[in-house]
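Following this line, the structures themselves.
Common to both upcoming complexes is chain A, partnered first by chain B, then by chain C.
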Partner chain A sequence: MSTDTAEQAPAPNKESLARGLTGMGWGFVVKLLLMMVVNALGVAGIMAAWNAQAWIILGASVVFLVAADWVYFSRRALPLKYIYPGLIFLLVFQVFAMGYTAYVATTNYGAGHQGTMEQAVDAALIQSEREVEGSASYPLAVVRDGDTLGFAISEDGVVEVGTADQPLAEVGGSVDDTGRPTEVAGWEIVERGALLSDQELAQQVTDLRVPVSDNADDGSLRTREGSTAKVYRSSLEWDEGAKTLTDVDSGVVYSANEYGTFVGDDGSTLPAGWYVNVGFENFTRAVTDTDYREPLIRVTLWTFAFAFLTVASSFLLGLLFALVFNDERVRGRKVLRTLFILPYAFPAFLTALLWRGMLNPEFGIINKWFFFGADINWLGDPWLAKFSILFVNLWLSFPYWFLVCTGALQSLSSETMEAAQIDGAGRWRQFRSITFPLLLVSTAPLAIASFAFNFNNFTIIYMLTNGGPRFDDTSVPLGATDILITAIYQISGVAGGRADYGLAAALSIVVFVVVGIVSAIAFRQTKKLEEF
Partner chain B sequence: MRNTIGKVAVLATSVALLAACSSGTTEETTSAEPSSSATETSSGIDATGLTLTVWTDENRQPAIEAAAATFEEETGATVELVQKNFEDIRADFLAQVPTGEGPDITIGAHDWLGALVEAGVVNTVDLGASASSFAQVAVDAMTYDGQVYGLPYSTEAVALIQNTDLVGTEAPATWDDMIAAGEESGAERAFCINVNGETGDGYTMYPFQTSFGAPVFVQEGGSYTSEVGMGGEAGEAFATWLSENGEKGAGHISTTVDYATNNTLFNKGKCAYTVAGPWALGDFADVNFTVNPVPSAGGETAAPFVGVQGFYVSSQSENALLANEFLTNYIATTDAMQALYDADPRLPAFEGVDTASAPFPDAIAGFQASAEQGVPMPSIPEMGSVWDFWNAAEAKIIKGADPVKTWNKMITDLTASLEG
Partner chain C sequence: MTAQAPAASKASRRKPTRRSRWWGEVGWKYPFAALIIFYAAFPLVFVLSASLDESGSLSGTETLFSSFSLANYQALNDTLFWTWVGNTLVIGIAAAIGAVLMGAAAAYAFSRFRFKGRRGSLTGLLILQMFPQTIAFVAIFLLLISLGEVVPALGIDSKIALICVYLGTALGANTFLMYGFFNSIPMEMDEAAKIDGASHAQIFWGMIIPLVRPVLAVVGLLAFVSAFGDFILARIVLVSNDNWTLAVGMYQWVSDQLTARWGIFSAGTVIAAIPVLVLFLALQRYIVGGLTAGSVKG
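Our next item is the complex of A and B:
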């Protein structure tokens, strides 16, 4: 219809309506309104990022917003109008995540190297400042004289005042029953209410150290909550220019090394460090550690075997059931199909935990019901544990293949089948030469995806065996059913709470590359299937 | 016309997507706003109250809320309670304090302390005037390298739980006495203990290990060194004992028993004795029980690990003064401690808390007795590397591996791993 009218008379007013999106039609108004919303939200985001001083988020928001305005108001960016939202999702959720992982892989971010150097210095100074033994707790009055802050305490009823530069000295004044100075000659007392409500002042008061005497070794007064003071003494001194910490008691000088740790000239180290770039060290460490090499080879072999066998077994079982239940002679197919999908409907970790209980050699129902109470240690023997993992994963994943194969079977054209029947092909011949190859065309890419998924199937391993039973002949905490991803979890210490995120990120990238290569090769192979 | 509508629809969807995307960024950044608004007020012109951010978990929230209300009333400051999963707090605190997004105060367990100190995210605290009201073991646990980093409020430890219908209320003096009494009672099993299945559970087994004089790390003046202390003859004796009572031996200790199984067995009256923590009491609804200290198996005192919970102050807090004020004057009080106890009954670490309100008041006394003979769980960061080796070796020995060989290999591997 519409083409007819267009051919008959290209009416000028129709033309202008069609262009309404870029001109002043009502479509433009809608676009303008929507873009106003986008801009409002974007500017709000930019302002929030500015307030939080999150410069990277700020920069990214500005770029995205300007780009959005350009894309949707320019006539030249038509294709981008469609792909721009997707592009942003790709950048934020995929490229950024990958890039950040790669960045972490080149650092030693992890236990003991978590913040910046300044924070490590802060921590070292906090940790080295100790209460002088036997120090009394003095009721305290914070006093000020103009901009100078001081502490006032009393000893035997005599008021003493000191500042950061002036050690405690006697001044006139009066004290209350608790010993807290209530009047200090020449100084104005800062009320606690004022102290607590003024963050900057409070910070100054917590940072203030008032020397007890001219001798620095006697320590200095500090307060934590503003109402009492105790004598503390710091054993470390920070030299801003030389970037060194000096222990005033032992004279040891701690300087920064290239791994983000303060090392003393006697070889001792301070507990808190900071993270630094270590280049490719995490990658080389992963392959050169002799303790890990041999167990990791075994783990890698099992990972491939596990991923391949899981996909193969669940595919074949799913296909078998799909073939059987695709036959119209089977009664109650709908009910049966629904029942078959049930394992797929439970969360995998719950299923794994359930099976862990059922496979218990003494109390589990598998041994009790099916093996006459025999003492078969399903999860304690290396080979039986491997078998159990494969079996439970088969139970978990065959419904997926049952679904996929059922769908694929139903979409095969009946004409091809009839042609084959007329040509005199038997059932087996039909399946082998027609059904199966055609099925593979649609399911092979899914099989590759499933392989990649199982390659990193952390849940089933962690919940069912936790990698165990342990190897007897190695010194590293890896086991017979560990796959690469659970091994990474163990090696990098994330499991024990002493995480080395740098190493974990590096190993994850290695696994990512392996899975990527395997998948790429497999996809190339499946293209050949389409030639049938 | 149709064409136009189509285009508008496409545009609308993509703009909606865009909006969703950019609003995502907004959300992320606005969550950081409290800290920035706090900075604004620091100019000192308008002191309408500062915000103290406190991380807590679901159970403790009501109690801290009550303390916070008093604090807000008296000081005018605002306390923002952030409820988190307890398991997430450690990692989140470690990750967020260095970025400046962390809280001023968090609730936490004492065995995180080594990692927190190593990451430089905690400040030291002063227990203030009420220092003497805290249980010594709790203060020791919150002490690292001679400095107190946390304000403790509760302790917890495993203890011997016995079925009073089977074996009465009397505490057995030794392991052998206990097994004899258990066997005499006619129960299916004299004793059962959680081994965490094939994984092994050094934590629950620890009182028996210490009764052989084999602590995980050597202790020096109250704090742990990083020197492994469970090797040598004492450790071998414990390993041998474990093997004798394991699956190939007397069968009292078995890797077929995990936490849930153990609780079910005891609750059904199939075990006369078990070792468990106060957190398991809820599972023992169908059985009459009493709680006693764990009996010694190797002659020395059976000292369980004592876990302590308390409050940490962030080293990057901009409100350190306020945070310390809150802890020492509003949490370290009998009322606040009582409220914490009523909200989530754990053994109190503060004098003067009335434990009668607990669901199992008698049991609390038993756990208290057990904790008193316990040792703090090591909080040094090295402890994180121990569990894997230690648990696995115990599981293997229980399953019948050569005890001395397996134990010594574990010590060698562990020492090598710690030297890293």
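Our next item is the complex of A and C:
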């Protein structure tokens, strides 16, 4: 971004003049110190990315760091000095996140398709590890260095130690008669008793695989009980050139297919796969797959209905209250206003959780107080649950519209109203023909924004009903009150369950498009652009 | 003049008619207001009552204030509630400070400097801020997994990572609110300061920031409240329960054992809501102004 223009040209001169008068101010020292910290962190990040072989992160870090140094040490980038910090966060966590969503939407990233092909091969090799028949068993000492666990064994009296990342290597130490190491240089030996009493530690030890050597075909050391280790070797063999995995026991050859799965020549598949580009398949799957089609159509319809009805109902209620109490003859309006907006000041997520308890069929006060203890299952019936959500959101958001409408009513010109009165317009006629249209003009942009907000109102839906009650005619984990964003959450599996990032991202794109269209309408309404 | 005419005609009316007219036009609004207040406040009164109930479960809470006991509040000490309060404060305050600093700096640049791409950048920001970050949560989740492999502090289950994610919206959400406010400070003041030898940094920190304190407070509060109320991102990012925020932790209480944990939930709700409630009501004028200017809650 070039930032120099003719009109800005005098500014650097003045700046240098100021600096000339005050010398190296403390501001410059602070800047220098800050930039030292930034550079130190940046270089540390670049090195970490190098070690993790994360090339994209490495590239981005280098670019950001160089740009930061340029921005803060060049005189030509004055505006950027102020925009840059926020810009980084915006680029990474919003712009990139949106772009990445679009990318993931075109892949089959998800359960069974994770990482690259290399990672899938590694995972397959580990999953198919078997104990090598007739392998020697080594007396084992479990060792630790801080949080890192390792195995120590001895071969011909020489102690060898390895961890999950480091293959076995010689270290100094001593062994007892059975060949079990008793002292290992640089490592602390974990007592057997500790393994027996600490379940979590025991689990870590049985999960630990220590490669015998750098060559993966040599297999790795594992232990079942923590006192002896045996060599395990994968029953699969990876042929780099042919891109096939061969099962050495059964002779089945698994080859990579275009969907990121290893398929054997007997038709079986391996659980580990990688993700590949599938084009628009996620989008077509959403509308053609029999499992997803029906539920997603219902979810989409309810999303629109919910967003519209909740805005309309709270707008009308807020407007009604505003009309009634925008009356100078009513005393104590300030106190009333404060009491009216209590629900709005109450945190939204607590509102949803609170109403979840109040709507409880057995003990909730809604049934006890207002329905004579009837056993109405508010959140368990599809239609009642929808009604409950609208009702709770009405409680939550009518104060907003009360405030907005009160403000709008007060800004209406009283001359127009008087003119109408003189012309003999009745009160209803005044409202219908003058007040309401004028009010709509000033509140429509807010109504549209509120529609867009409720279109993605995850909190209220998820906290109140969890999207339930579940559809009972499909295996997909969606329910009668799920809106698109909660459906995406369920499908993505980020909080457990079967992950399908690809489909979830594709649905996110659909939501992006809807929000974009809605915003474009709002954009034209407000014509905010004219302000600058 | 116009105001006097109806008053005079009213005075000439007979008394009983005047009273019934008053009831028809104004008087009925008081009972109506009472009805609205009941509607708005009964859940809040209920939760206060439930938090003081000694049984600590949802059953039996229908009689308001049937017992008075602080047992539920004491029981909070045996849970991770205060850890979550601490986490929420740390994350919320960090996000608020970051949002204020970044938003103010960007607004200053857009308001005071004329540079190539300024209009375009402003338009771009305006468009970007219309797309809520939460829709991209799948991508954010995957991004944090990758980042965490390089820098664990920026990975899943890190509070710092969550703060960074929240800061992603700092520029889009706040720049406009502040931009308008900054523009209302006359440029002549900057020029006078420049002539006196002040650098652009001195003008920003020493002159502009003190002048725009009200809008800084509003932006900070809005950022804090939105971090406080966020559930979806916090839930994805924070995995282990001693890293949770209030929203994630209290959701877990209610979704696990709604009936049995109602007492501690109510007590927690009262503690969590009162500061927000007080802040909100005290600053309602500013917040309403800010809300109508852009972001919406309801």
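Note that the second predicted complex is superposed on the first by the 304 of 532 C-alpha atoms of A that agree within 3 Å, B and C clash if a C-alpha of one lies under 4 Å from a C-alpha of the other, contacts with A are read in each partner's own complex, and residues count from 1 in each chain.
Note that a contact is a pair of C-beta atoms (placed from the backbone, for glycine too) under 8 Å apart; a residue touches a chain by one contact, two chains touch by 3 or more.
Remember, predicted model here, so these are calculated numbers, not experimental data.
Q: Is A:F262 touching the first partner chain B, the second partner chain C, both, or neither of them?
A: In the superposition, A:F262 contacts neither chain B nor chain C.
Q: Tell me which partner A:Y254 touches in the superposition: chain B (first), chain C (second), both or neither.
A: neither
Q: A:W302 contacts which: chain B (first), chain C (second), both, neither?
A: In the superposed model, A:W302 contacts neither chain B nor chain C.
Q: Using the touch definition from the top, say if A:Y138 reaches chain B (first), chain C (second), both or neither.
A: Touch partners of A:Y138: none, neither chain B nor chain C.
Q: Counting only touches as set out at the top, which of chain B and chain C does A:F315 meet: first, second, both, neither?
A: It touches nothing on chain B or chain C.
Q: Looking at A:V324 after the superposition, I want to know if it touches chain B, chain C, both of them or none. Which is it: first, second, both, neither?
A: Once the two structures are laid over each other on A, A:V324 reaches chain C alone.
Q: So, A:E200: does it touch chain B (first), chain C (second), both, or neither?
A: First partner only.
Q: State whether A:A52 touches chain B only (first), chain C only (second), both chains, or neither.
A: both
Q: Is A:I126 touching the first partner chain B, the second partner chain C, both, or neither of them?
A: After superposition on chain A, A:I126 lies in contact with chain B alone.
Q: Enumerate the residues of chain A that count as touching chain B in its complex and touching chain C in the other.
A: 2, 17-18, 21, 25, 27, 45, 48-49, 52, 54, 57, 81-82, 85-86, 89, 92, 356-357, 360, 362-363, 466, 495
Q: Would you tell me which residues of chain B are touching chain A in their complex?
A: 1-4, 7-8, 10-12, 14-19, 21-26, 28-30, 32-33, 35-38, 41-44, 47-50, 75-77, 90, 94-95, 97-98, 112, 115, 117-121, 123-126, 128-129, 145-147, 197-199, 254-258, 260-261, 315-316, 318-322, 324-325, 328-329, 381, 384-389, 392, 395-396, 399, 401, 409, 412-413, 416-417
Q: Okay, in this complex, where on chain A does chain C touch?
A: So the residues of chain A touching chain C come out as 1-5, 7-8, 11, 14-15, 17-19, 21-22, 25, 27, 45, 48-49, 52, 54, 56-57, 78-83, 85-87, 89-90, 92-98, 100-101, 104, 109, 314, 321, 324-325, 327, 329-330, 336, 338-351, 353-358, 360, 362-365, 368-369, 393, 395-397, 399-401, 403-404, 407, 418, 446, 449-450, 452-453, 456, 458-459, 462-463, 466, 485, 488-489, 492, 494-495, 501, 504-505, 508, 511-512, 515-516, 519, 522-523, 528-529, 531-532.
Q: For the complex, which residues does chain C have touching chain A?
A: 2, 25-26, 29-30, 32-33, 36-37, 39-41, 43-44, 46-47, 57-62, 98, 101-103, 105-106, 108-110, 113-119, 121-123, 126-128, 130-143, 146-147, 149-151, 164-165, 167-172, 175-176, 179-180, 194, 197-202, 204, 225, 228-229, 231-232, 235-236, 247, 250-251, 254-255, 258-259, 262, 265, 269, 272-273, 276-277, 280-281, 284, 288, 291-292, 294, 296-298
Q: Touching chain B in the complex: which residues of chain A?
A: 2, 17-18, 20-21, 25, 27, 30-31, 34-35, 37-38, 41-42, 44-45, 48-49, 51-54, 57, 60-61, 64-65, 68, 72, 81-82, 84-86, 88-89, 92, 111-112, 114-116, 119-120, 122-124, 126-127, 129-131, 137, 193-203, 205-206, 223-228, 230, 271-273, 291, 356-357, 360-363, 377, 379-380, 465-466, 468-470, 472, 475-477, 490, 493, 495-498
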